[in-house]
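Labels A, B, C, D, E and F are assigned to the chains in the order they are written; within every chain, residues are numbered from 1.
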């Protein structure tokens, strides 16, 4: 605990994901006073045709 | 805000997904009095072997 | 199927939630060709201190 | 109702997933007194580069 | 890993929830060959006015 | 985009939550190259009787 889920469009590099997970874990650990080894991060990717703001999908913009 | 997630079996056409996102956004906007541009929709697809009702997966029916 | 989750700030009236569920169900049924009785809607409410855009919670604006 | 989501690393066989869904449905039915046909199970798989404990992804261990 | 979420209407007793968590953990452990100590279970409760099937909330039936 | 959900046991102070949201937003912005104003954070709290590791709820330990 805590469990963190980051949902974002696909397309980030593996290096970006690795850094994302490290920095988010550090940010959570520091602010809620939890040991890093207790923190879990999940990345969830979505494609542009499955994500819409204002009723318009990113694939239709 | 609001954030809407629609989880469904894979297999819908791109036109159906486009219409889904438009109509759901309109329905939410109209009923909770939120401007359309503030509404986000995510589509999540699942495969038949990852979805079960009554203990039986759709792929096993 | 489908399963729809609507996540929004608390504060909507019961009438708004009732209408939301009806209209969203109709929008999904019409666009993905699913019978209404197969559609499930979940409402999830969040408080202003648990929701942030741009690093600032709604309760801190 | 209830709705059960099992999130796990990819790699389980189809037989394991079939058994998982059957046994979890039985466990829920028995303990919360719900008929099996009312219980839904979703499986969500994640890849090793999208899952981290302690800030380190499984793909980087 | 795995992470299991059970979403259900509020109203179950504490004894039912305790048994639910035990039995679901055992079912997952047995079928996907994961040690029990690696399995996490979350319970999420919903109220009758936040849950609808067929466009009708449980609170309106 | 991205959308970040932090799920944790209840009990953190409001100051901790405020800092959590700020630091996590910064960490995401920096690592995936997204402007802060596009990043959304949701906090979800759970109670000790709704969270179990190894089949034992935190409220039963």
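One rule holds in what follows: a residue touches a chain if its C-beta (ideal position, glycine included) is under 8 Å from a C-beta of that chain, and two chains touch if they have at least 3 such contacts.
Because the structure is a prediction, the values reported are computed rather than measured.
The interface with the greater number of C-beta contacts, when A-D is set against A-F, is A-F. The interface formed by B-D recurs in E-F: of the pairs listed in E-F, A-F or B-C, only this one shares over half of its residue-numbered contact pairs with it. Between the Cα centres of subunit C and subunit F there is a gap of 21 Å.
Rounded to whole angstrom units, the spacing between the C-alpha centres of subunit D and subunit E is 12. In whole angstrom, the spacing between the mean C-alpha positions of subunit B and subunit F is 25. Within subunit F, residues 3, 7, 26, 51 each touch two or more of the remaining chains.
Contact residues of subunit D toward subunit A in the complex are 7, 46, 49-57, 60.
Listing the residues of subunit E that touch subunit F in their complex gives 14, 17-18, 21-22, 25-26, 36-45. Against subunit B, in their complex, subunit C makes its touches with residues 1-9, 12, 16, 19-20, 22-24, 26-28, 30-34, 51.
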